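In what follows, chain A forms one complex with chain B and a second complex with chain C.
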Partner chain A sequence: MSGSMPETLLSVRDLTLSFATRMGPLKVLRGIDLDIAANEVVALVGESGSGKSALGKSIVQLLSPPFVDGRATLSGSIRLHGEELITAPAHRLRAVRARDIAMVSQDALSGLNPVMRIGAQIAEAAQAADPALSAAAARRDARDMLAAVGLPDPDKAARDYPHQLSGGQRQRVMLALAAIRQPQVLIADEPTTALDVSVQARVLALLADLQRQSGMAMLFITHDLGVVANIAHRVAVMYAGQIIETGTVAEVFTRPRHPYSAGLISALPEAPAHHPRLAGGPPDLHNLAPGCAFMPRCRHAAMACSQPPPLKPFPGGAHALCWSPLS
Partner chain B sequence: MLRFMSWRFLRAQVTMLFVLVVAFLTVRLSGEPFDTMFPEGLTQETAQALRHRWNLDLPIWEQFTLYLGKMLTGDFGRSLFTHEPVWQMYAERMPATLAVGSLALIIAISLGIPIGALSALRRGAVTERMLMGVAFLGYAVPHFVFGIGLILLFGYYLRLLPASGLSSPQHYILPVLTLAIPMVAGIARFMRAAMLDTIGQPYVMTAASKGLGNGRIARRHVLRNAMVPLVTVLGLEIAGLINGSVFVEAVFSLPGVGRVLVSSVENRDFTVLQFGVVAYAGLVVLINLVIDLLYTLIDPRVRVGG
Partner chain C sequence: MTPLIEVDAVSLRYAGAWPAPKSNALALDRVSLSVARGEIFGLVGESGSGKSTLARVILGLLQPLSGAVRIDGRDIASYRGREELAFRKRMQVVFQDSLAALDPRMRVQASLREALDLHGIGVPSRRSAVIEDLLGSVGLDPGLATRFPHQLSGGQRQRVAIARALSLSPDILIADEPVSALDLSVQAQILDLLTGLCRERGTTMLFISHDLGVVRRIARHVAVLQRGRIMETGPVADVFDRPASSYTRMLIQSIPRVDFNRLQAQLESGQPGNAGAMGTPAAGTLDAVP
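Up next, the complex of A and B:
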């Protein structure tokens, strides 16, 4: 990273997301604060249902498919370069999605239109990002991008339909789809989950390369802590719709402050043995404990934990949302 | 691709052979053809001679091979009543049926697809609910009820439109509407379901995350994918149209092939009936072949796969 004080590119403040359900509003995000600087990779980790994917989708405000009335209510603030996105008009949001914040989802296998050629799908993204781009130039750029993401025969791949490519190749195409826009922020939502383990590593390496070359910021969403150390600078750990700990990768991995982070890390095969393993399952968002949501599973729970926990700062810039953080 | 099509073609031929057998047998199951063809009270010798003359004294399987051979060489026989060549009887009536049928089809496609697509894109709106309610009704009511209803309303009470024959352009309106309305409803209902299914697919989210406008997402990503299953349904609808045309031609007294078929049943004119059954079945088989071919054009997965 360059410069003394990295500039904050994307700033999320007190973000709350709730879905209307039959059992009343379901709070999926509960007051999220998150900053991402230019050129920074932040890993967002947590169990399924912790709200990490919802946070990624909330940032681009794609919580339900187009033409469907969403039941989601989003409040708080999402600023890109200081511009508020929560209240931005629809056309402005489309421009942000097209140019500034790209998203790669985990649906590599079904995320591409089955009846459209690969080249046309990428060219479409290029033209959405730059309406002045001619169709021919967009096609050429698409082909070059396919070469850049490592497809063996980019000219053929551009003419292919998705079913003609393997899963790993399709995920490379998804990355090409995002990278061709030269976005400032890439939200990668479990981009390797659907792939074979042998392919995962190569796609991750490609993702890391693309990030370093372009200098884009990245929010890397995963439940797999094992890959975080290779790709991210900072980690944010989510639990029950809150970020319960943030810090640099080195800090959080060697000295987790929140008992939940410690439990996650102890579940890694290469983890030191001294942290207690996690017991119990993910919380029911309809019936959260009144104070700390992790309290029912926490070995360090005390009386104070029935009150909402404070966000405590630590040396080195880490923060933990906990009454009695580990030391 | 070539293998796929030749396999389909082979299957179509097997189907047709089956149809020929069934047509041949069912017509004969309804009674001895001889009794239909010739007056009662003939002498034993005359009857025997006539039987021999018409090959009716041969075992039934030999009669069948003779009939099959004639069918394959384009000799479809003559009507037992008018003695016209069967082929010519149908060919003369073809234009009326084709005109009414294709008009109905054009109306059904050009109304059904947009109604279904729009109601999916504006789900929950009041107009959408009304459209789908009407579509359900149109889908549920059979042709002959519709046709008679339209005749009563426009031909009898309001006296706005002619209800029988095809002698002027106005004559086309009621029969074409009768055929088209259930198809519009069927196509719209299916199109809506296919669109809703497609909207929920991950690639539509991908398209939205590219920052595309809703119009472009609808046209390039939703509509094209929703059209793939619609092609199959169009095949079924056209087969339904062929059935419906028989009713509609009877109800509106149209000079079409359906009338020839119906009167051949009434007259037990079995050469005419036999050919009619085979020709209608052949048409459905042909449509299926065309649909399979269309599939390979629309869906790239079929193009390379089979």
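Up next, the complex of A and C:
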């Protein structure tokens, strides 16, 4: 799906994640293909349960053993610079998580150690990424990074514990924690969803600055299409564990091909063309029909849709997983 | 014509609980607003602005430090005893967290029935039929009546909460962030349901949200609250298109919006794959905000 993108940094192929449950295997990701180039921001959108967070966590394998007690199965391929991560040994994965791929999650409070000072946590991350760094240098870098993410009093913030900061400040600390490692890829999972709009605007601007300055690739997971339009180059729409449409933001927003994307976009108050409102709710992953998962909600459903839909390419590089995409 | 809801210079201060020292900040600072019968009135603000506090004052669940709330011209603090029970029936509330709002050990039908029993609505033998009608009116299958709240989706639970609130045919519905916890497509469905039901029944709705887009879509009048004060109030089109206060302007500029014209132009000019707007609009101006 990369089209003619320069230098693919992270490449996901046929990624499948399933959990063993009492009601049988639950397929959370069903054959994901996704490429991200250096310096590129890809937004991953979808409703809750669509698998967007599962994909983000699977890339750093935080949803497979030992993080989930042996009942999760991850298969397919995740390559960083061509290096396969799925079969990589544990020590290699630790190094990748410490340095190459960083993650920022929605809930900053649970991402921080409550009994460790902010400065020490960031210094620790800096040393994990670069073992040659001295403790003093790590502390200095940590303080500078706290200033870089716009905390008003970085010296005080470095001495604070997480509970002493506001939600917006904690999210900045999370960004500092990620940025200090100078990762090649940042996975940002709803990093601003819990914030007020005014704070969100500032955190997004900061994130965009960090991304541009460092040239890192970013996978930005969100359900907010307004955020997507303002931060991403490309967008991937997820539904029931599959990517059902990808393309540039301009392509997908102005000319959605999949009826689901069209419905999501036209639910925006500012959308010009109004497709019919989406009816129903997300499907039950335990009882997915063999064909298109969106079929029960789709107004364009036809006989063919009971078979697995094909991935159709469009001029401009967009793709849609649909039997009868919109033209 | 007297407005249905009249909030007159209401102030409120929370007594700080231990270990936090008593705060001198007012949670509500001389808040006044009036809501006409049958309209949908939006109340917007960021977290901590006092939106939910104001809702509680209007519901009579919190006593204001000063000022008064009048419904149909009568101060709600003057209701006592049976009169108060009858008055409470006129005003119902739907909260954000439907899982917390419904008793986890009561089936849907029991939760709905409790309100009818308490207020003695209809004859007891007919109540099962009333419950079935209620479920139908909020778009739920009557078969769900025997489910427990945890067996329903978030959207379904919110529909049950709406059905319960409307079962008493209230004059006023206070909806406190009723769709914030829901997915976008479900959000739109619940908003349609709420506005449709209110219009149909002539119910006045006070709709509280941090989401200006949602409020803009459904409300006629809006009040913007910041740190316990009303910054601005007026018809939705005026407040959102020509905001008078800098705070409202900042709030509106902060909403990440999809600029379809820009995207269309980008597509036509053949710029490949760049949203071009890295960094949110008006980021510079935002830094001035505390």
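The criterion applied here is as follows: the second predicted complex is superposed on the first by the 315 of 327 C-alpha atoms of A that agree within 3 Å, B and C clash if a C-alpha of one lies under 4 Å from a C-alpha of the other, contacts with A are read in each partner's own complex, and residues count from 1 in each chain.
Here is the rule we use: contacts are C-beta pairs under 8 Å (C-beta built on N, C-alpha and C of every residue); 3 or more make two chains touch, one makes a residue touch a chain.
What you are looking at is a predicted structure, and each value in this text was computed from that prediction instead of being measured.
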item	value
Fit or clash between chain C and chain B when superposed on chain A	fit
Partner chain in contact with A:202 - chain B first, chain C second, else both or neither	second
Which superposed partner A:268 touches (first chain B, second chain C, both, neither)	second
First, second, both or neither for A:116, with chain B first and chain C second	first
First, second, both or neither for A:214, with chain B first and chain C second	neither
Touched partner set for A:251, first chain B, second chain C, both or neither	second
Contacts of A:324 with chain B and chain C, given as first, second, both or neither	neither
Of chain C and chain B, partner touching more chain A residues	C
Lowest inter-chain C-alpha distance for chain C and chain B in the superposed arrangement, angstrom	5
Sites on chain B touched by chain A in the complex	120-124, 199-214, 217-218, 220-222, 224-225, 228, 298-301, 304-305
Chain A to chain B touching residues, read off their complex	60, 62, 65-69, 94-99, 102-103, 105, 107, 110-116, 124-125, 128-129, 161, 163-164, 174, 177, 181
Chain A residues within the chain C interface of the complex	3, 5, 40-41, 47-48, 196-198, 200-202, 204-205, 208-209, 211-212, 223-234, 248-251, 253-255, 263-265, 267-272, 277-279, 281-282, 316-317
Chain C to chain A touching residues, read off their complex	46-47, 153, 155, 183-189, 192, 210, 212-213, 216-217, 250-251, 253-260, 263-264, 266-267, 271-275, 277-283, 286-287, 289
